[in-house]
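The following blocks contain the structures, represented as structure tokens.
In the two complexes below, chain A is the common chain; its partner is chain B in one and chain C in the other.
Coming up: the complex of A and B.
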């Protein structure tokens, strides 16, 4: 082997070690969700269960209202993703298609919202949502998350790549600005818009902090909150059931990711390229 | 003409701005306001106390413990999610020819999984008695401490759980910056037999500095907020505040012991730290004071 090939071989070993550390927790949850509790205790590290069982999933479907819990999670995530995408596309377009006074200052104000930690907003938002009578309501969880600076930033990055001449040609034909957005800009930036939307959906699906503040009754629980019921300081006695709920919680985000990974990866790769 | 253009641009921006005003900026003002009052969320009257909440924070040893913990969290998060992916992305883009796309996709997978799942799974993987790691190291005569009850190590474990989620995302972002560097420059250096370590320090770091600063800042901003979930789920800031940080502590004051005054003062303190990072971001990234492009 040449020195370069030997080095590449060694580097693959490093890269694969990192990969197995990252993926082990996923495999661990999956395999233990198919074990009985006693099997899990006697052979916890065994990745292929020797006596696989569905009893944990049966337990989840009979004891938890998992359909309701999944619907709650989906409801909040769809509202948040749809609204965030719509508001982000409109704002990104304003920065792409218009020159206006205070443009840079306004962009700074929008980007600065990424630097406001949630502990600064959570008490007033809790009070606002409660005063609207929306505490312990799914819509109250979705309401504060209908716009997102990251979305504006990423979609603007993508809109910047459209050649000015295309937009100017359409403007010459007396096409309205909104018509240009609808018929030219959105179709050309569809991959970015789609992957931003999927990431918004996944982030909301996984969200924990804000729902745990707002949602009190079990019938309103989301998957993350249901999962939390299986945690006690000693680890609890329903370990394998908790692993089954974990698998159900990650099923939708992982499936979406595996389908759309190309778009998602390229959108975030471009977010790192600062120019 | 000019005015109507301003108004039309504003109409496109209005929906986002309305949401930010109602649920970001107005709450920020209210939190600032409430930091000068003594209140418990229930009493009908808020009592104005001036700077007393801030004075109480500055004189309490607990505050300095929390600040110290926050610094440790930041240090570990940066080491694992900034330094390590930086080096790894260079290695991948420069010295590895096969499997690049595969590593990219696979590393990102944990980033789409809930941190509540991460917390509960790691709680079992790292269980000191019956977890697989404990069983493995028992063979070489090592035992795992009860980490959720041990000062110091509890922060390390909670940071690792959080890193599991952020690592892949950060890796993708920095890889975007590193692979944006012209291959010819690196190729020329390699033909001259410049060692990889020197190529990284002398060429790659300066040429990807904007992405680097962006990632540095975002690792702190996002990392400190993400780590809230494993703290809340696994330790509630314990034992004896050993795993609490600025953000968890203000949650604790606000929603566990209902002291809105000190809670809001802690939130404003967090905001002050984050404002420094925002300044850094704008100074070095958005204003283009860097060597790239």
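Coming up: the complex of A and C.
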């Protein structure tokens, strides 16, 4: 083997092992969701079920209002993603195209909020939302998630790569700066905007701690809360049903990611490199 | 009514003054070239006219209207950028019509103008292409088409040809002149290329360090440079400028004396510290001494095909001479003759031109070429 080929070989071994570690939980959930509980206990590591069954899924669809739960999750995720993207685009544009006093200081303050852990803001947010009378309401879950420093940062990085002269050429024609944003800046940063939106959507979809704090009634539950019902103290016996709910929970984010992975990867890899 | 007037315009970046007290009027329909070395403020001036750069102080009038407070979209000015600044996500025709659509020009009119400019700039057939699918020359033409389709009274060009190769540049230069002939916009053209300045411009404003060094027709700038900077900047190889002293009817060139005719001697009487200037192409070379010739030896030659630049040393002074023949070789002794009607003198203190004996008026109105262009 030439040194290059040997390098390739070892690299692949490393990559394959990392990939298997990452993929194992997925395969584990998927295979166990098609087993009966007794099968699962006797052959928990068996990736291809010897006697596949749809029992768990039937259970989920008959016992849970899965449509309602999915709608709740979707509702919160769409509001969070749409608003986060909108506010990120507008503020990223302001930080790119406008010159104003204290611009850098303000940007620094906004970016530094990325480093404040969720646990710190959780209680103040909870108190604010419940004093608005929005606890146990879907909108109350979405409300503190309407803006995000990460989105501002990533979209601004992408906007900065647009040559200044293109913006200026648009400014020669446009009386409004909003027109420039709409016609030139957004189309040119679309990949970044889309991938940031998808990341926001997936994050909100998978969110557990904040909804569990806010939502009390079962009719307002999201998918991750429904999943939790089957893995907590009383649900331990229904492990395979939990796996079926897991699979259903993963379905939407996974599909979105598979469709848009090209944008997402390029946004995250280029954000730090360019300029 | 399409003039551009700049009154006492200053531009500072922090404490650095980039443009200092600029007073300049571009006449209606004129092609004014802003020429100068990089960093001289010429692009800043263009960007101030376009509204892309704020004016620190002074007034800018476009067509008699003060526009300091107007944004670039409200000035009705079109511009061609150095890197063309085409919108990468739009097709050629969308690029050309974008400004018209935004400003609600009616559909028929948009189509008519688009077809006109595309035909004129030989872009037909490329309507649906994206900028990345075009060659450099095509992109440049699309940028020009976009600016022309707007049909504004003012056309600003920021080094529009500098990204093209030599042959394309020549072609594009002619195209620019042709378009100007057709539409007659008031044109301000920034370049650092003296060939473009000489061939395109009605007048040239030569800048250095944020100030106008000279403002005149190309021929006057070339033949009657207002100061040493102008003489040296225009022309390649650049004008020979030699420190000299008046010596009883002649001037000292190294250890030799170059005699002046009566009218020069009269003009320079009483002026002692001078610069003597002569363009390389005006120096006549011979192997044998002639009357009033200056001796030197050839250091090296640069052959350009159509001409040869001969560098000649004489008592520590170096001259550049451009000749058609290639019969001069390093180490040879040559004799230089300076025709009396081709030489220049500049005051050593101020660097300003010391004048010409034949009393040729230096105003551009006497330049027949200029008269014809403006008429």
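One rule holds for everything that comes next: the second predicted complex is superposed on the first by the 266 of 275 C-alpha atoms of A that agree within 3 Å, B and C clash if a C-alpha of one lies under 4 Å from a C-alpha of the other, contacts with A are read in each partner's own complex, and residues count from 1 in each chain.
Here is the rule we use: a contact is a pair of C-beta atoms (placed from the backbone, for glycine too) under 8 Å apart; a residue touches a chain by one contact, two chains touch by 3 or more.
Everything numeric here is computed off the predicted structure, so don't read it as measured data.
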Putting chain B and chain C onto chain A via the overlay, clash or fit? fit
Regarding the shared-chain residue A:122, is it in contact with chain B (first), chain C (second), both, or neither? first
Chain B versus chain C as contact partner of A:13, first or second or both or neither: neither
Residue contacts with chain A in the superposition, chain B compared against chain C: B
On the A-aligned overlay, A:227 touches which partner chain: chain B = first, chain C = second, or both, or neither? first
According to the stated criteria, A:105 is in contact with first (chain B), second (chain C), both, or neither; which is it? neither
A:242 contacts which: chain B (first), chain C (second), both, neither? first
Classify the contacts of A:184 with the two partner chains as first (chain B alone), second (chain C alone), both, or neither. second
With the two complexes overlaid on chain A, check the angle at chain A between chain B and chain C, Cα centres, nearest 10°. 90
Look at the superposition and give the distance in whole angstrom between the closest pair of CA atoms, one from chain B and one from chain C. 7
Footprint of chain C on chain A - complex, ascending: 163, 165-166, 168-176, 179, 183-184, 187-188
Which residues of chain A touch chain B once you look at their complex with the stated criterion? 4, 7-8, 11-12, 14-15, 18-19, 22-26, 28-29, 32, 41, 44-45, 86-88, 90-91, 93-94, 98-101, 103, 106, 108-125, 127-128, 143-147, 149, 152, 177, 202, 205-206, 208-209, 212-213, 223-224, 227-228, 230-231, 233, 235, 239, 242-243, 246, 249-250, 253-254, 256-257, 261, 264-265, 268-275
Which residues of chain C touch chain A once you look at their complex with the stated criterion? 50-52, 71-74, 77-79, 81-83, 85-89, 98-99, 102-103, 146, 150
Touch list for chain B against partner chain A, complex: 5-6, 8-10, 12-13, 15-20, 22-28, 30-31, 34, 41, 88, 91-92, 95-99, 103-110, 112-125, 127, 130-132, 135-136, 148, 164, 167-169, 172-177, 179-180, 210-211, 214-215, 221, 224-225, 228-229, 232-234, 246-247, 250-251, 254-255, 260, 263-264, 266-268, 270-271, 274-275, 277-278, 281-282, 285-286, 290, 292-293
